[in-house]
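Two complexes, one shared chain (chain A), two partners (chain B, chain C).
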Partner chain A sequence: MTEKAKNDERHQQILNAFQAAIGVENVKDNPATVNAYFGDFLPPKMLGMTMPPEFVVLPNGTMETQAVIKICNRYKIPFIPVGSNQWSLTGSPNRPHTVIIDCKRMGAIHEIDEKNMYAVIEPLCTLAQVQAEAYKRGLYIGSPEASATASAIGGHVFQGMWGVGYRLGVAYRNILGLEWVLPNGEILRTGSFSQDADNGFWGEGPGPDLRGMLRGYAGAMGGVGMVTKMAVKLHPYPGPKVWPVEGVIPNQTSVLPEDRFKWHMVKYESLEDAVNFMYEVGKAEIAGVVQKWPTVYYIMWWSKSCEEYWTEWQKRTFQDNAKNAVGVCLWGFTSGKQLEYETRVLEDIIKETGGKPVKKEVYDMWVPHNANDWIRDTHGSRMMRASGTFLALRLQTDTLKYSIGQVKTGYKWVDKFSPPILDSDGPDWIGGYDFGHFGFGETDFPVEKNTEAIGDLMGKLMGMVKEDVTNGLENGVGPFLGGAYHQMAAPVFKYDKLLKGIKRAIDPNRVSNPPHQIDPDA
Partner chain B sequence: MAKEMLLPKDPRYLKYPLEGPFDQEKARWIAFNCSRCSVCKWVNSWQVKSARYARICPQHTRYMFDSHSGQGKCDLALSIIDGKMKWGDDPEIKDILFRCTMCGGCDAMDKNIRDAELVKLYRWMRTEYIKDQGILPEQKPLVDSLKQYDNVWVQPRSKRNAWAKELKDLGIKDLNKEKAEVLLFVGCTYGLSQELKGTIINIAKILKANKVDFGILGDSELCCGSPPDKIGLPEEFERLATANIKRFNELGVKTVVTPCAGCYGTIRVEYDELPVKKNFEVLHVAEYIEKLIKDKKIKFKKEVPVTVTWHDPCHMGRMSRPYVPGKDILGAYEEPRNILKAIPGVELVEMERIKEYAWCCGGGGGAFTAFKDFAQWTARERLTEAKDTGASMIVTSCPWCESNLRAGGIGMEEKMEIKNLFDLMMEAL
Partner chain C sequence: MMKELRDIVGAKNVLDDEQTLALYSTDQTLNPQKKPFAVVKPKNTAEVQKLVQWANTTLTPLVPASSGVHFTGGTLPAQGGVIVDLSRMNKILEIDPLNRKAKIEPGVTWQQLNEALKEHDQMALNPLFPHPQASALTSSVEREPMLIPKYEYAEPALTMEVVLPTGDLFVTGSASDAHCEGAYPEGPGIDFWRLFLGAQGTMGIITWLNVKTEYRPKNQKAFFMGFDCLEDCADPIYKMQRRHLGNECFVLSRFMMAQLLADDPKDFGKLMADLPNYTLVLVLAGAPRRPLERIAYEEEALMEIAADFQLQPGKTVGGIAGLESTMLNKLRNLSEGDHWKTRFASSSQEIFFITTMDKAARYEDMAMGYAATYGLNINEVGVYMQPLERGRACHLQFSFPCELEDESERENIGSLVVELSKQLIDEGAFFTRPYGPWADMVYRRSSSYTAMLKELKKIYDPNGIMNPGKLCF
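Now for the complex of A and B:
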């Protein structure tokens, strides 16, 4: 039997097994289908580092997902679970015979418990869907800056960054219960689900908190099996039952009731002063969102066309007026009086820290069009518009103060790699979480989108990771790129042994999206 | 000295590159810049009002695999253009391309975040597919009918004017013989459908009663060209559209009004892509009549106590204006609503997905003819959404929407009355 015939026979056996498990119509292996599952705007597809999967399967529910994963283990073929499949950073096959587990048949909201403030959801549910249902009940959940079209489960098992994280902590801490098919096909139930499959009230129980297994260093990345059901916390929300929108795409605005929500845009002379202000706001335990956006974010979110982007950028409106500005949204959670109180506290802090309000015309450009994206994002995908793609040099989680150093090191690399990195005014996004107890720094910029430029930049990034490691810096890029990048970077923070141990224990056949979260055999 | 700004070397990121005739290079540009952000699959996040009605793309919602989405079609286009796949490689390519209702839901959502025109890409893909693989057998009768009879319904030309013969006493002008300011362009479906001819009769009566100087082309009216345009036959579209523009110009009419959303969007937007230029404005009958109401020329005499919801036909809404990057995705959204609000007794309640983010009826893009099961599934989704408003009637003004919603409603447990805007209006006059 030839190698091809063997492969064909094996392919047919696996196809039969999947079809028997979840139904003929829910399994596809034809070229036109698999062609839609191996890339996005990021470099891997353009550089030929990804390939179409061998199968795309659509299981429905935990038992069918378990059956699919067991088949993958039986035949020792890799699988990648995907959520709403908004982008596919680590969700594109990088090796032959991969199976994409697409959750399109798992989009239910099983329950919203208004009294106990949680929702039980399936993987296809987007954050926009959960938000819409939560708002109706006077509750809310945040969304990551990548947009509310992201899967809510995906958002919680990934990096966990979201605008309201200042108030709610990173997303994964809001997980209450999990129904989770491990890479070896076993089902693990955590939190309330471990005791009562219908009750999602509490997240922890006796023994270790297993949510860290999902979180890893920078998210699950499909490397630890598939979560098929999750109970997530919802929080009291003082806003309207329907998200307020005026205007027509792409010029919509959203203004939340001013007796309960008020955005302040405060400008500082330096990044250090801006971060100091963020600390002070956190200490006072006021506000719902606190963000220091890079000027490039303003233009990315605000502009409604490529031409507008580059024209406005050349006018330097945001560079000259919003550099080192911090956006603070005060929420009158309990009453208008609370908003009044928080406003007085904020004014005192601004005075003490030497802040100045940004110009009214810049405030008016930004706030009604885009500031509320940090509560319910709808424009995050505009980040790719200006040049077809964007990349990041720093995605680091630590303290707010540490973020300053990281993003400043990022400036240096951005300068060094420009072009193909395009004009980005020293990109430095810093988000505060848990009232400033920790911070997230990210360095994003537009890049010239063509194979040569991107290939060249990726090579340079490898050099940057090496130099960072030598200097004892973990820049966060490694975990996203995986493989050799991650292997090089992980030992800096000494989490690699733990991650590898977990991976070895739950994924003996190395089938769950290798080499993510980490390659235990490297 | 300030550092020089580093702008993209590729000028297509600095100025919109998709103006002018559409070609493979433009198709590749759209496909290459798909970021897989998936906004083409969902209603714009700010507009999602419930988990149930959060989807924008009927095809992706029904067939679920990403190949059946805007993103999947971009991936397919890129693979074909770059020579990694061929049109004949997989029979499913036909379904991916032609089950799409060309409703432009993905297109409008996409325009919120990038400069592109997905529907133009799909049209190009269909054309290229047909060049390589031939016309779909399911659509062949429609195409033959266009060639033989200049209409899509396999009806002789002489039947096109049958409805007007019932109105002999009204004295509707025949523009082949006399002049008028306004051409009432009836369209194939209103002109030839026994089921729908009542609507065009009502419209003619309303216009006449209000002393509008209008006429019709009768048997000599041609199809507007929308069906061949949507199913990927540009030459047939060009033949019909060019003939129409020349004829309308020759007639010297100031305004072409049509009750058909498909004709409206096509004449208003797609005709602009042809070398022959229009010397007339294009209005949907709703736009024309709303103005008459605003000018207090139309007086309602009766009350029609009914709670209704308005279904925005895609080609009367988001697909009815040329795209200008950064500008609003406009359409004839308010005019039909204003008419409904003006009818005594009518209470208008809105569905969750409306205007530029409306859910399609399912009848467009050739799906009504070739993929009835899917077209009717899509219609049932819309009827369910309409029912959830508490309305007892869904009102629209597109013959494809009306017919497909009716077909989809057959067998549904909870009935919803489906009515044309002008039929409802007539009840109050």
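Now for the complex of A and C:
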């Protein structure tokens, strides 16, 4: 038998197995389908070796997902679970015979417990779906930069730096019970699901908290199997039951009730002064959103097209008026009087810290059109306005103070790699979590998407990451590379034995999106 | 062996006299006595590492103990071995008011931490009036519930240093990067820190922990609301928490409230007579800026909610004089002397679990039913309900006074605790911290979780030397 004939026979055998397990109509191997499952906003060269999957399978529910993963183990073929599939750096096949497990048939909200503030959801269920249902009940959930169209489970497993992270922390804090098919096909139920598969209200335990295996700073990259059901926290929300929108995207505006929501845009002379202001706001425990956006964000979010982006860039409206500005949205959780109180406190802080309000014309451009996006739908796709893609060089989370050094180091690397990194005005995104208990600093910037122009930027970025790791520095960007990063960082930060041990235990056939989270055999 | 231990920690820090071993063989629970063959008191991480390396060589069980007071059975050496008493590691390594965190060693007590934080206008996030000598690190790592149900305050354990059961040193979160300040818990790699929480010392010995601290309110008002039954407390609390009202918020039954307030034992009877069946305590605390204005708008909202439920929040309940100042003093200044939970009897046998407030009354009915069946006076059963994370869930606790010296009482209460726990678990109570006999009840119901935990334990502790016999290990 020829090699091709053997491959064809093997392909047919696996196809039959998948079809028997989840139905003929839910297994795809035709070129039109499989070719749609690799590549996205990142420049093609960034992805390195990527190729179409051999199969795309669409199981429905935990049992069918388990059957698919068991088949992958039987034939020792790699699989990648995808939600809304917005991170192809690790979500595209990097080796032959890969199976994409698409969750398109798992989009249900199983339950919303209004009184006890949680929702039980399936992987395709988007944050927008959960938000819409939550708002009706006086509750809300965050939205990461990827936008509210992202899978809510994906957002919680991946990273989940909410626009409202100042109050909700990072998504790891919002995960409750999990129903999770491990790479070996075993079903793991965590938190209160471990005792009662219908009750996911609590996340920890029993005993050591196995949610710790699910994600790290940048998620699992599909290396730990697939979560098929998750209970997520919802939070008290003083806003309207339906999100107010006027106009049509991208010309929409959203104005929230003024007695419960009020944006302030405060400008400072230096980044240090801006961060000092953020500390004071956090210490005072006021506000629902606190963000220090880089000027590129203002332009990316404000512009409706690439052309408008660069026109606005030339005008310098935001560079000259919003540099080192902090956006603060006060929320009246308790009552309108809370908002009045917080306004007085904020005015005190602004006065003491030497802040100035941004010009009215800039406020009027930003607030009704874009600021509220950070509460509902962060619209991360707008980061593609300038060039069709973007990258980041620093993304560390520690203290707010530490974030200053992080973004300033990031500037230097931006300069070093320009071009193909495009002009970005010192990109410094800084935010705090849990009333400023910790904070992140991120340098995001537009970059040429053209393969020729981008050259060996990926190689340079890997060089930077290696240099940082060698110096014992966790720059926050590395974890987004998944296995490749952990392979080099784990020995330095002394988690190689533990992480490799866990991977070996749960993925004996190395089928869950290798080499993520780490290759235990390397 | 003893010589080797003395070489590691110094002769005076290795104890094997009968009196000491007897002391560590028992605790405040009714669990069977388990005797170690030695108690060692390391003074730093390096000594802990050497002890763990020695234990791996000699295959000796090590049981970490962080303070002299233990209420859960977690430090009883189920398979003998050596107690690693960490009380000498009692330094507060850093107080960071800017980022509101403190770096503490395991021997730091709640009282010590609170006193140190006062100087910085900060306070620790402590559980319900802890024993002043209890370890702040252990409370945080063992996920004891805090009195303030603000979501932003929750999950106070940030980053930590751990001596793994292999003897390797591991640092979690951003503290693993020496350039950082150790504020952020995630990484390196995965969320390893979660695997050390609730682990009862089976996954390693934590040698320091960064914990959240919060501002210490300068202005505050305590309000008290009396209820005939626990069920009636739930809906008002749901409303209050949904509107972000207050700092401390908890419910105590008459018996627990009387124990707490009876600094003078002769007051106990009158307190029992005067107090309502249940008391909801809500503290409105001023923030660092414009504190009185914050209290004012919260008080106005509180009164609106109270009117809806025909409640009258007041400065006292049952006509107890000076209750507000007494309560605030107890909250802000952990007292010396006797522990309030042992004022009525020499021990308090407790059952605690996580549930939601709308189910709490059902569990309370069960507890009272069992108490009556076992011949207890149901007025002497303690009930504590602690809302968590804006009322999204609650910690529910029942306590049964028990004279430790009275064998028949030990037997009766011990049997009650086991049987009631089984029934509660059958009815959906989630024992997220399964100590002692609860471990088997819980883990036998969660086969996949238990199997995964055992796999992890093999990876972390291949020789099974770290506190064997606890949880499902």
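We take it that the second predicted complex is superposed on the first by the 492 of 522 C-alpha atoms of A that agree within 3 Å, B and C clash if a C-alpha of one lies under 4 Å from a C-alpha of the other, contacts with A are read in each partner's own complex, and residues count from 1 in each chain.
The working rule: contacts are C-beta pairs under 8 Å (C-beta built on N, C-alpha and C of every residue); 3 or more make two chains touch, one makes a residue touch a chain.
Since the structure is predicted, the reported quantities are computational estimates derived from the model, not experimental observations.
*Asks:* Based on the shared chain A superposition, would you classify chain B and chain C as clashing or fitting together?
*Replies:* fit
*Asks:* So in the superposed three-chain picture, is A:S143 touching just chain B, just chain C, both, or none of them (first/second/both/neither)?
*Replies:* first
*Asks:* Looking at A:V130, would you say it contacts chain B, chain C, both, or neither? Reply first, second, both or neither.
*Replies:* first
*Asks:* Once the shared chain is lined up, is A:E361 touching chain B (first), chain C (second), both, or neither of them?
*Replies:* In the superposition, A:E361 contacts neither chain B nor chain C.
*Asks:* Touch test for A:D320: chain B only (first), chain C only (second), both, or neither?
*Replies:* So A:D320 meets neither chain B nor chain C here.
*Asks:* Considering only touches as defined above, state whether A:D8 meets chain B (first), chain C (second), both or neither.
*Replies:* A:D8: touches no partner chain.
*Asks:* Looking at A:E186 after the superposition, I want to know if it touches chain B, chain C, both of them or none. Which is it: first, second, both, neither?
*Replies:* Touch partner of A:E186: chain C, not chain B.
*Asks:* Quick check: superposed on A, how many Å separate the nearest Cα atoms of chain B and chain C?
*Replies:* In the combined three-chain model, chain B comes within 23 Å of chain C at the C-alpha level.
*Asks:* For chain A, give the residues common to its interface with chain B and its interface with chain C.
*Replies:* No residue sits in both footprints.
*Asks:* Quick one: in the complex, what on chain A touches chain C?
*Replies:* 113, 115-118, 138, 167-170, 172-173, 182, 186-192, 194-196, 199, 201-202, 204-217, 220, 233, 235-236, 279, 283-286, 333-335, 337-338, 340-341, 344-345, 348-349, 396-402, 434-438, 472-474, 479, 486, 489-490, 493-495, 497-499, 501-502, 505-506, 517-518
*Asks:* Enumerate the contact residues on chain A facing chain B in the complex.
*Replies:* Against chain B, the touching part of chain A is residues 28, 30-33, 35-37, 39-41, 56, 58, 84-88, 102, 104-105, 109, 125-133, 136, 143, 147-149, 242-243, 245, 247-252, 254, 303-308, 310, 313-314, 376-382, 384-389, 418-419, 421-423, 446, 448-450.
*Asks:* Touching chain A in the complex: which residues of chain C?
*Replies:* The touching residues are 98-101, 143, 151-155, 158, 164, 166, 168-171, 174, 176-184, 186-200, 202-203, 212, 215, 238, 241-245, 287-290, 293-294, 296-298, 300-301, 354, 356-358, 389-393, 425, 428, 430-434, 439, 442-443, 445-446, 448-449, 451-453, 455-456, 458-460, 471-472.
*Asks:* For a test of understanding, state which residues of chain B touch chain A in their complex under the given definition.
*Replies:* Counting only chain B, the residues touching chain A are 5-10, 13-16, 32-39, 41-51, 54, 64-67, 69, 71-72, 75-76, 79, 85, 89-90, 92-93, 96, 108-109, 111-115, 325-330, 355-357.
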